[in-house]
Each structure stands twice: as C-alpha cells, then as structure tokens.
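The two complexes that follow have chain A in common; it is paired with chain B in the first and with chain C in the second.
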Partner chain A sequence: MNRMIKKFTLDNDNMLGFLLLLPLLVVILGLIVYPLFSVIWLSLNEKTLGMPLQFVGFRNFFALVRNEIFYKTVLNTFLYTIVGVFFKLFYGMIIALFLNQQFRARNYVRGFLLLPWAVPAIVSSLTWRWIYDDMNGVLNFILMKLHIFDLPVCWLANASTALPSVMAVSIWRHAPFFGITLLAALQSIPKELYEAADVDGASKWQKFWNVDLPGISAVLTVVTLIGIIWTFNEFQIVYVLTNGGPAHASEVFSTLSYQTGIKSLRLGEAAAISLMFLPFIGILITITTNWLLRKE
Partner chain B sequence: MKKFLFIVFVLLLVVSIYSIYGFAVEKERLTIWTEKSFAPEADQAFNDIVNRYALDNGIDVEVTNISWGEFVTKLVAAIEVKATPDICMIDNGATMQYEFADLLVNVSDVWKETIKQNGEPLPVVQMDATVNGQQYSIPMSVMTHLLFARKDLLDIKGLEVPQTWEDVLSASKSIYNPPSVYGYGLPLGKTKDAENFLTQILWAFGMRTVAEDGKTVVFNSPETVKGLKFIAELAKYAPPGIAGWDDSGDNKAYQSEVVAFVTNSGTIYKWMLEEKPDLVQKTRLVLTPSGPAGRQNIASMRSMAIFKNSKYVETAKKLLSYIMKPENYEMWLSGYGGYYAPAYYGTMNKPYWSDPIRKLFMENAKYGHGIGWPGPMTVPAREVYSNMLITEMVQMVVVQGKKPEEAVSAIAKRIEEIYARY
Partner chain C sequence: MTIVNGKFKRITNSIRFIVILVLLLVIALFPFYWMLVTSIRSDAEVYQTKQSLMPKTVTTFQYKKLLTTTNFLIYFRNSLMVAVSTTLIALIIGFPAAFTLTFLRVRGGKLIARFVFFAYLVPPILVFIPMFSLVNSLRLTNTLFSLVLTYLTFSVPFVTWLLLSYFRSIPTSLMDAALIDGCTKFATMRLIVLPLSGPGVATAGIFAFTLAWNEFLFALTFVTSDKLRTIPVGISGLIMGDVYQWGMIMASAIMASIPAIVFYIIAQRFVISGLTAGSVKG
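Presenting the complex of A and B:
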C-alpha cells in the first residue's frame, strides 16, 4: 500500500504537482467557478425567497428588456462609469504627475492622498451623506455663507443633482488609487528618456505626450479596465447616499439588483440584472488582455 | 523534499476535514436574531430574559441584535443557504410570506398559552400571525405613528393642534417659513417610514390597494388620485430634501426643530425626554390624523417565529413561552419606554400602560391595519409593500413632476402584475 502511494505521488512529478495544486483548484472552483455558474443558473429560473427553482429560460432577461426602469438604470450605469472613470483617470494623472516631482514632505503627501481610498467606503459614504445634507450639511452651510445660494441645495434629493453628487464621491474615493498606480508606472520610466528629450529641446507637454504616456500605457490600460469594472459594479456609495433614488435618478445595476433580489425577493430577476452586462465586461477584459499580451 | 511536501499536504487535508467535522459536537445551542432597537434598555432586557432561561435550563443561547436595515438582507441570505436562526424576530406580513415558503414552525400551542396569560390579541396581530387558522409567529408589539405637533408654533399662529390631515396642511401653510421652519416632515426617500406614512395618508383619503377579497386590485381610483394630490400639496411645505431622507430623516428634522409636524413612533419622544426636555414641553402628541375616509394607520408589528431548520424546535418553543410569560414580556416591552404598544389586551390593562402618552400609543394601535388592508395579509400584499410602490408613486409626482393620474395608473399596472403572479 505504502509503495503504491509512493509510486503515484512521490515518484510521479505530475501527480505530486497536481496534488499540491489541488487546494488552490478547490478554492478557485468553489469561490469563482461555482458561484458564477450558480448565478447564471439562477438567472434562468424563477426564484422567490425560500421557494424551489422553477426553470423559465430567458424570461427574466426579457422581463428586464420590457422594464422602463431598467433602461434608466442602463443609462445611469454607463454615465456613472464613463464619466466616473474619465475623471478618476484625469485626477489620478494629475496626482501622479504632481507626486512625481521632488518637493518637501512628498511621502507624507502621498500617504495623505491615499486616505480617501483607505477609509472604508461605508464610513466615507456616511460622511458625505452628512456633507450633502440639505438641513445640516457643511456643503450647503459654506455655499450659503458665501452667498452662492440663498436656500440649501438638495444634492441627493434632486433628480438632476443626485447622480452627479454620487459620482463626485466615487471620483474622490478612487482617484488616489489611480494616482498612486500611475505614479508607480511613471517612476519606472528610465531617466535617460527624459534626458534625451531635454537634449532634443522637448517641452513639458511634448515630454508628457511622447515619454510619459507611452511609458505608462500598459498600466494605464489595466488601471482603466479595473476602474471600469469597479465603477460598473459599485454598490456601497450609491446605496448609502441615495439608494438609487430619488425616483430612480441614480439607480445603477448594483442597487437595482439589490432592490429586486433582497427587497422584492425576486432572486432570479436580480441575478439576470447582474448578468445582463457580463458579456460586455467579458469582451472588454478579453480585448485588453489580448492587447497587453501582444505588447509583451 | 518531495516526501516533506507530501506529508504537509496530507496534514493539511486532515486538519481541514477535522475542522469541518471534528468540532461539530452535538450540543443544544439556540440562536436568536432580534432587531437592534432604538432602545438599548429593551435589547438588554431581552438578552437578560433569554440568558436567565439558558442558565436555568443548561442550554446555550446566542442572541444577535441586528439593525433593521441589515436584518432583511441577512435573513434572506440565511434562508437561501438554510442557515436560519432558531428563533427570529420578523415584521408585519413576514409570517404569511415565510409560511408560504413552508419555512416556519406551527406555534399554535405557544400562542394558546400566551393568550391565556396575556389576554386576547389585537385583531391586527392575530391576522398577522395566523395562516389557515394556525399560528406561525408570536406577536410581540405593535408600533403605530402618532402626530407630533409643535404647540408653540401653533400658538403663535393661533391654531389648534391638528386632528385631520387637512388641518395639518393648513397649519403647515401658516407656519411655513423656510429655511427656519417647514410644515409637515413628510419622508419621501425609499424607506419603510415613507412607505408607512404615505400609505396611511392615502388610506385616510380612501385609497385601497385591493378589495376585501384580497385579490381584486382596486388601486386606480379617484380616491387614490385625490390622496396623491393632497400629498403633493403637503410636500410643498416640507423641507426640500425629503426625497433623500433615510428612516431617520423625519426624526432629525423634528429633533432639530426644523419642522412643525411629523408622524412617528416613540423614538422621537424617547429621544426628547433624554436629550431635549424643553422640546417635550413644546410638543403635543395626538392620534394619527384622520381624512375623508377616517383615521387609518399602518401597524408595524414585531413577532417571534421559529424556523423549520431549527434542530431544537421544542426547546425553542419552551424559550418562546418563557419570553411571553407576563413578567418577562412586560419587562421587555417596558424597555421601550412603553412606546411600542403591547399586542395583547391583558397587558394593555396593566398599571404601567396607564400613563397618558403610553395610552395614546395603545389607542392609536387600535386604528392599525396590516398591509393588504382591507383584505387579508397576503404574499402579493407583502411584495407590493416590500417594493415600496407607494413611495415610488409619490416620487413620480413630487420629484419627476408627473401628473397624479399618470403616476397612479403606472403603479396600478405594477400592482396588477404582482397580483397576477400569485
């Protein structure tokens, strides 16, 4: 018996390698593959709380396509993602370029700028909720003291300001991450390239365009991809600040899915919402990965 | 090296298997989930009662107090993975919904014992706990919402404390002086408070979701439109941010003296007594205002149920009976300061409840209806309530500027779709 075990494990490199990889495979199968297929299966079923699954094919998806609120949610989610990621990149780049300069207390500033990202989302969202508050919020207090407004603005309760207000918090929270990541990329660019650019008499703008950007393009792409995925699936900030309201003005996929699944208890439909744009994200990931691999 | 790696692998496997099964020694251990309420004294009293029982009977009981905002999320997950607590606090309409999915234990025996000791239950709680003539939960309390009125502001304008919704509107118009003070603090965020308060105003104007049969949807009616128009008018004199309020929005507005009126349970009153006694002097509490269709309010109930997954159903029933013994039940309820009304007439007659404010909360509870009123509490009624469609309808008019008729028609369609599924 012992000899057999020895033959199949210790004497067989492939088998031993497989055995050592097995725990990781179990984790991947259990924590990634199984939940993913469970959600896909759930989306093809009618499922209410505590009741057995009832296969309905693509009915949940068709129901969504007929739902007026869903279209509003699609528009909001894309706006939230595109505008959000654009500004996160923009401010992230400014932060990175700023921190790439030599100045006193640079390390402290770096640490300080990371704070919004380091603080738990729930805490910062609740703080922002207070900042935006129409009756006791500090933002309205300042704006009214400066005589910019005579009456408080209902940042989170107005259909036209709710989504931009939530976006602003998301940008504030994530821009430092973009900044630090881009800074790391900037610092990996060889100094010789800048020296060569100086010799050629390149302006700051030309150095940024011809040295910085090509040097960080791979990181920029990955960070954009991560940003899109994170922003697309963002829940906590939207949920705490507006819960998708008022009147669905800031409804995004994650809040609609939560509302449908947890509040309305239509779990199959909620799964369909969360899967609706999985192909879009999948294509985005595939294109980016292929592009990165080609570059390598 | 290979041998070493192999031994490590086998050891890890053994430890993993042991950690899953090895410690699962059979021991009577009950888990209870209850709401983390606005009154820590009540939560403490409940924990004390349960711990005393556990100590006397040599069992382990783990009580988890969860804020109501998270409660449903946790419970939904627990139900789906079949990891429900043994005993769980549930709210109005949940008994019907969970029993529909065959999740609850029949507790009619505990119910009979409870009634014997605490007296007959209020009709609304009996309806909430009963499915097909059997009881699947034990009612604990009824929370209704009184009108909190700023007497000092009314006196300045020479007005009486409002008794009807029309009075509230006209007083709001008189007192309205933004940004210092607004009229009625009408919650309009997608919250339970908003759904409750808006529903009771619409009920007072004659809106009904379904007929008495609990099946025929009668939502799209002139009464609903009239009620909605009234709410839209009331909203004009409310603070501008009401559509962004969470459940504490109206509390904060009244506590910071920004609004002249709110409807609320005992939370504000308890806070005022502890933190701002001068505001108590300025406040008058009256029953929920009446409308053209009478005085109506929604009864928010809390009950205790036992889930079928429990391995210790009999022990859970005994513990529930113990909690409902009059001395324990009253000790627990008094932790709320008396602002949750008892669910049983026998308890209501005890001296503790003779205090005028507590009496008012109890009186108000008698006008309380369950969701789905005037029909029975049904699963679709619960779904309509959980979807907060009334709040959505009011938001359509107040936030989006839709015509009331259009909003009523759109929501009526959604209600009909829900009822058609059952």
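Presenting the complex of A and C:
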C-alpha cells in the first residue's frame, strides 16, 4: 500500500514535471541541440539562401585546410584566447587582492572597478575605437604629449598592433568580472587560516601562495574555463574594432565565420568553420559542466 | 629606531596603496570620462588638432543631433521591446522548469539540469549559422520576433540555472508541511516557492534583461532593416558612414549605458551571487 502511494506520487511528479519542463525542453532541443546538429549536416553541403542544399561531401573542409586565411585565423584565435585569458586572470587577481583589504569607501571603489564590465559591450567597443583613432584619438594624443611617440600610431589599421589593441579592450572589459568573482572566493576563506599563517610568521607572499591560492583554486578553475570559452568565441569587440582587419591580421574564428556565412552567404563553408572549432569548445564546455556539477 | 621604521613602513604602505588605487581607477574609468567629455563637446572641439583632456565648452548639441537625425529612439524602443519580452518569456519558461528540477522527482531530472548548464555555455557563434537558415525558412528575417525567439537560447538556460541554485536555499521542510496539509505539488509552486523567490526572480530577470539588451550577433544577423535594429547594432551603424561623428556616437554610448548602469546599481549586491549562480562557491 505504502509502496503504491509512493509510486503514485512519483508518477504524479513525473507527469507534472514533464508538463512544467516541456517549454524548457522545446527551447533546448529546438534552438540549441537542433542547430548544433544541423551545423554538421550544413557543413557537408553547399547552401545559398533560398536554394535547396547541394551535397558536396567534405569539399568545404578541403577548401578550408587549403586556405591560408584559415590558418591565420586559428593562430590568431588561440593567441587571442591564451594571452587574453592570462591577462584577464592576472589583472583580475590584482583587482581582487586590492579589494580584499579593508579601507573606506571600498564598496564604491568596487562598483567603479566593475563598471567596464557592467556597460554593454557595444559601449566599450565604440569608446575604445574612438580612443584608438589615429587622427583624433586621445591615446595618440597622450603618448605624443608624453613624448613616448613622435608620430601617431594607427593602432587598429596596423597589422602588428591590431590584434594586441583588440585584446587590450577585451582584457579591460572582462578583467573586472574575474576580479569580482575571485574577490568573492577570497572573502570566503576562513580568517583562522590567516591567523595561523601570521603565528607561523608567514610573509605576504607566502600567505598568497599557501592560503589565498589554495583557497580560491576551485573558483579559479571555473572562471578560467568559462573565460576561455567566452574569449575564444568573442565576436562583438573584434567586429566593431577591426572586423578582423587589416588583411585578416586580427581575424578570429567568430569574425571569419560571420564574414563567410552572412556577408558572403556561403553557409556551408561557414558551418565547416564552426565545426572545426566545435570539438575544442565542446570539450571545454563538457569539462566546465562536469567540474561545476561534480558535487551533485 | 623601530618606531621610526614602523612609521616609515606605514607611510610607504599607504603611498603604495594610493598609487595602486589611482592606477586601477584611472584604467577603469578614463574611457568613460572620455566618452562623456566627447559627448558634450562641439564638433569643432572634438576634431581640433590641439586636443585637451578637459572640456572647455558644454553643449547638448551631440545629443540633440542624435535624437533628431538618427533612428536612435526607434533603436531604443526596439531594444526595450525585445529585452522585456525575452525576460518575461524566459521567466515564464524557466521558473516552472527550475521548480520541477529542484522540488519534484522526475526521471532524468539531473541529466536535464546538466543539459541546462551545458546549453548556457554553448556560444551563440557556434549556432548562429544554422539558426540563420532556420529563421530564414520560418520567414522571420527582419522581425523583432526572430530576436526574441533566438534570445531564448541563452536567456532560458541562464534563468533556469540561476533559479535552480536559488531554489536550493528554500528549505524543503516548508514544502513538506504544505504537502502534509494537502497542498498539491502544483499549488506549492504558487503558494510557497513563488512568494519566497522574489530576490531570485528579480536577479534572474535583471540579468536576462541585460543579456538581451546587450546582444549583438543575432541582432546583426537576423535584422537588416534599420527601423528594426536594436541599440547595439543601431549605434554601431553610426560609424559606417564616410564621416565619423564621434561626438554623436559617444552621446549614443552614454544613452545606451544608462539602463545598464541603473540596473547595475539596483542589482549590485546580487551581482556576485548572480554571476557565480551559487555554483562557483568552491
């Protein structure tokens, strides 16, 4: 009898639960899983808008691996990600350690430091494009005033400075997020650990390595993983600042995919580009999900 | 001697503190200062060869130009409509889903919860190509509805995930008490969970709104008519002309930041908990 009731309520849960979950499942299956799978199919076809698909096998992939621009893009994307995430973490850590001290108006300072991350990305991208402007940009103005440069630098139009300039904006925008997340982790470290370290006569540096870092290692792992996924797929900042130029000097995976698929309307080839990067992103997402849900 | 040393150390410490503080603040805030200064200057002053870091004149000229010669107000309205609709639909879908995954025992519940997070991490750039042909075949290109529909891909998983971690803080004893009193499971959602989840829903809503307000890639791809553009794509279009109108563009940047900053101030104390969504607690 008891068992029957239990079974009944369980089924009841299942029925109600199914109904309540249905919209979520529709969204996930229809708008995320279906597109992910259709990328695979699309990549094996030639597709022009309004025309039926035309199966071409692996031709899109062959076209890619023979394309120099694709290699340049792969290199740029990894450079953008590795250097970007490193400095986001580094600068974020500085922000976190600084805010982890007691001082007056700390909450206001925290609010101000988080501002680059709080405004829409379009605002930071446009503002920085104006700051980098070669004719009237304030960056050149300041650098020339301080006699660091004699001539204005074309930050975004120069093949050697374009990618680093874009990276700097991405770091400026995202580092505060890392900082604030790491700060939350730092503040959850028990005070006793610091007291114990003081008793042992540990220096600041030793405290950082032996108390701070182990205390935030879990959060550090997660923000690093999420940071890699975000940075790897960043589109807007690159698109607005350089659109991958000049001559693909700052081309990354997302801008190449956009250019190929939407501007040139070669959807099959664009799908192939996505697919080349899919394994890497897929593995990262899986690792992140597993890591986050490991305790459950 | 040690006293002098101690005092000396205190002074150098506080100098170091101030230097770092100023440096961090300048790096974070200078672009905003420059945005503001540019937006209140006349064109002549924006483009003069002898620049100055301080504003000499204050004019609302750039704002007037923005509001009268561009579609900025239409972009603003479009953004508002899309962001509000997205937020509401995401909450309507996400709330019952999170309730189910937290309080009901459903087969495969854990797997679905994992899927929700997975879905949140799938970057739009991976799916926007097939979505583009999907939107095309549904004949939804150039509609605001196409944006609301596709924005659900990130807002629904995000809202669900955030509420999921919020609901875990609601004691199950409350639920048990209600069930013993003869409440149905569905009624507990309405009578117990909903009234208790105000802050959670507010946080989720604010974040969903912000994500939709800031979205760029889908808005750029699925909408081509200027009258249907949202703010991010609309104002990025202002730089495509032959003549850069940086004064006006910076005015638009200021205007576009206002809703985000207002929300940010309201939500600041939720920000950290929201960002980490209770899952990064380590």
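By definition in this document, the second predicted complex is superposed on the first by the 271 of 296 C-alpha atoms of A that agree within 3 Å, B and C clash if a C-alpha of one lies under 4 Å from a C-alpha of the other, contacts with A are read in each partner's own complex, and residues count from 1 in each chain.
What we mean here is this: a contact is a pair of C-beta atoms (placed from the backbone, for glycine too) under 8 Å apart; a residue touches a chain by one contact, two chains touch by 3 or more.
Everything quoted here is computed from the prediction, not taken from an experiment.
Novice: With the two structures overlaid on chain A, would chain B and chain C clash, or do they fit side by side?
Specialist: In the superposition, chain B runs into chain C.
Novice: So, A:48: does it touch chain B (first), chain C (second), both, or neither?
Specialist: It touches chain B, and chain C stays clear.
Novice: Which partner does A:85 reach: the first (chain B), the second (chain C), both, or neither?
Specialist: Neither chain B nor chain C is touched by A:85.
Novice: Does the superposition put A:216 against chain B (first), chain C (second), both, or neither?
Specialist: A:216 sits against chain C, while chain B stays out of touch.
Novice: Have a look at where A:136 lands relative to chain B and chain C in the superposition and call it first, second, both or neither.
Specialist: In the superposition, A:136 contacts both chain B and chain C.
Novice: Touching A:262, do we find chain B (first), chain C (second), both, or neither?
Specialist: After superposing on A, A:262 lies in contact with both chain B and chain C.
Novice: Thinking of the overlay built on chain A, is A:242 touched by chain B (first), by chain C (second), by both, or by neither?
Specialist: first
Novice: In the overlay, answer first, second, both or neither for which of chain B and chain C A:23 touches.
Specialist: both
Novice: Which touches a greater number of chain A residues, chain B or chain C?
Specialist: After superposition, C is the partner touching more of chain A.
Novice: Once the structures are lined up on chain A, find the stretch of chain B hitting chain C; candidates are 75-83, 147-155, 219-227 or 291-299.
Specialist: The listed stretch with clashing C-alpha atoms is 75-83.
Novice: Quick check on the output: what are the common chain A residues between the chain B footprint and the chain C footprint?
Specialist: Of chain A, residues 10, 16, 20, 23, 49-50, 133, 136, 261-262, 267 contact chain B in one complex and chain C in the other.
Novice: Using the touch definition up top, name the residues of chain C that touch chain A in the complex.
Specialist: So the residues of chain C touching chain A come out as 17, 20-21, 24-25, 27-29, 31-32, 34-35, 38, 46-47, 51, 53, 92-94, 96-97, 99-101, 104-107, 109-110, 112-119, 121-134, 136, 149-150, 152-153, 156-157, 160, 185-186, 213-214, 216-217, 220-221, 231-232, 235-236, 239, 244, 246, 249-250, 252-253, 256-257, 260-261, 264-265, 268, 271-272, 275-276, 279-282.
Novice: Name, in rising order, each residue of chain A that touches chain C in their complex.
Specialist: Interface residues on the chain A side: 10, 12-14, 16-18, 20-21, 23-25, 27-28, 31-32, 34-36, 38-39, 42, 47, 49-50, 94-95, 98, 101, 103, 109, 111-116, 118-131, 133, 136, 138, 141-142, 172, 176-177, 180-181, 183-185, 188, 216-219, 222-223, 226, 229-230, 232-233, 235-236, 239-240, 253-254, 257-258, 261-262, 267, 270-271, 274, 277-278, 281, 285-286, 288-289, 292-293, 296.
Novice: For chain B, which residues count as touching chain A in their complex?
Specialist: Residues of chain B touching chain A: 2-3, 5-6, 9, 12, 72-73, 76, 79-80, 97-98, 101-103, 178-179, 188-191, 239-246, 252-253, 256, 258, 383, 386-388, 392, 395-396, 399-400.
Novice: Taking the touch rule as given, give the residues of chain A at its contact with chain B in the complex, in rising order.
Specialist: Going by the criterion above, the answer is residues 9-10, 16, 19-20, 23, 48-51, 132-136, 151-152, 154-159, 162, 242-247, 249, 261-265, 267.
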